[in-house]
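Naming follows writing order (A, B and C), and every chain is counted from residue 1.
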Amino acid sequence: MSQASDSLKLFATLLVAWILLSGSIAFDVVAVGVAAALFITLISQNSLSAFSGLRALPQSFGASLGYVGFFLSELVRANLRMAKIVLDPALPIRPAIVRARTELTHPVARLLLANSITLTPGTLSVEIKDEWLYVHWVVAEGTDNETATREIVEGFERYLKVMYG
Amino acid sequence: MTDGPLELIGALVVLAGAAFLFLGGLGLFRMPDIYNRIQAGTKATTLGTLLVMLGVGIIMPGWLPKLILVILFVLFTNPLSSQVLARAAHRAGIAPVLGTLADRLAEDKGDQS
Amino acid sequence: MVEAILIIAAILAGLGFLLAFARFVMAPHAVDRVVAFDGLTIISMSAIVLIALLMGRVVYLDVALVYALLSFLGVIVIARYLEKGE
């Protein structure tokens, strides 16, 4: 059941991407798009997509919106902070590679977490091993696991936990 | 191109994006080691690209669908490639710059061997 | 006015490109070079879209998209290769 609905979501996403890309809803254009999307959906039935495991609950929809909003505001803050550092003649950095623990188990949720960490305030995921994320931190506020987990992971994890359970 | 208020706003958004692209280049140039360079390079350039695309979309609303695709693509691939590069750097044995406070990954690798 | 602002933006992005290129040339390690290359391609992607706007050609958007796709694949493949060797 969930396999079928994942495939359906993948098919719909591909078709929307195709229509955005071709910028036309003429019959022949859409027909080619349907064929291509169907083909890709069929050959990737057993692989993961961003939808596998995303829970179809009202609160998970809300969490997705909250996640996107939180992510965008963090992205802007990250850039302003980084701009200040790069423009400062003294280059005030305190780099460290720290460990942060995540409670997420779903692979897609972990991928989104690692991606979000990479795009936000001075942090870059270097490696994931089991529940540990190794993160490079440009201005480290501490090198112990607890500080790193609190400062880096928890903000995003809140939303992802609801989205992927 | 006409000089309406919408075009002006779009052009200013493009300008802000270009400023971030410049900062990304500056970060790549100034940062002392590869990890900090990846940080400066990916963050500034992602927001920079996003703003440039958005600004162009404001000036040319008809181009928006394709620009949104480009934005989504950049948002997903940019962090992925920086992560893969950071991991490659660490596995290839490139040490962080002197003065780095801690390298837990190197410590844990040492434990296992 | 609008065109003047766009040209200033293009010059700013061009300066960023030059700085990234300097890093590309002076890279101490192969992975550093790939990082600089990644920065270069992202900046040039925006440059292509700006050129599309200034010349009024929508086709260049497809060029930017394919360019981004190819450079992403290239970076991933080279990074996977470099993490084994050296």
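The rule we apply is simple: a contact is a pair of C-beta atoms (placed from the backbone, for glycine too) under 8 Å apart; a residue touches a chain by one contact, two chains touch by 3 or more.
Note that the coordinates shown come from a computational prediction; the quantities given were computed from them, not determined experimentally.
A.B. asks: If I count C-beta pairs in contact for every pair of chains, which pair wins?
C.D. replies: The largest set of C-beta contacts joins the chains B-C.
A.B. asks: Need the central chain here, defined by C-alpha centroid distance to the all-chain C-alpha centroid.
C.D. replies: Centre-most chain by C-alpha means: B.
A.B. asks: Could you give the separation in Å between the centres of subunit B and subunit C, each centre being the mean of its C-alpha atoms?
C.D. replies: Distance between chain centres: 11 Å.
A.B. asks: What whole-Å value do you get for the distance between subunit A and subunit B if each is reduced to the mean of its CA atoms?
C.D. replies: Taking the average C-alpha coordinate of subunit A and of subunit B, the gap between them is 15 Å.
A.B. asks: Report, in whole Å, the distance between the mean C-alpha point of subunit A and the mean C-alpha point of subunit C.
C.D. replies: Computed value for the inter-centroid distance: 23 Å.
A.B. asks: Would you give the residues of subunit B that are in contact with at least 2 other chains, written as numbers and ranges?
C.D. replies: Those would be 23, 26, 38, 42, 46, 66, 69, 78, 80, 82, 87.
A.B. asks: So which bits of subunit A are touching at least two other chains?
C.D. replies: 21 - these are the residues of subunit A that touch more than one other chain.
A.B. asks: Hunt down the residues of subunit C that sit against at least two other chains at once, touch-wise.
C.D. replies: Touching at least two other chains: 65.
A.B. asks: Inside the complex, what are the residues of subunit B that reach subunit C?
C.D. replies: 1-3, 7-8, 10-12, 14-15, 17-19, 21-26, 28-29, 34, 37-38, 41-42, 45-46, 48-49, 52-53, 56, 59-60, 62-63, 66-67, 69-70, 73-74, 77-78, 80-82, 84-85, 87-89, 91-94
A.B. asks: Taking the touch rule as given, give the residues of subunit C at its contact with subunit B in the complex, in rising order.
C.D. replies: 1-3, 5-6, 8-10, 12-13, 15-20, 22-23, 29, 31-32, 34-36, 38-39, 42-43, 45-46, 49-50, 52-53, 58, 61-62, 64-65, 68-69, 72, 75-76, 79-80, 82-86
A.B. asks: Mind listing the subunit A positions that touch subunit B in their complex?
C.D. replies: Within the complex, subunit A contacts subunit B at residues 17, 19-21, 23, 75-76, 78-79, 82-83, 85-87, 91, 93-99, 114-116, 118-120, 122-127, 129, 132, 134, 136, 138, 140, 143.
A.B. asks: Under the definition above, what is the set of subunit B residues touching subunit A in their complex?
C.D. replies: Residues 20, 23, 26-27, 30-33, 35-36, 38-40, 42-44, 46-47, 65-66, 68-69, 75-76, 78-80, 82-83, 86-87, 90, 96-97, 99-106, 108 of subunit B touch subunit A in their complex.
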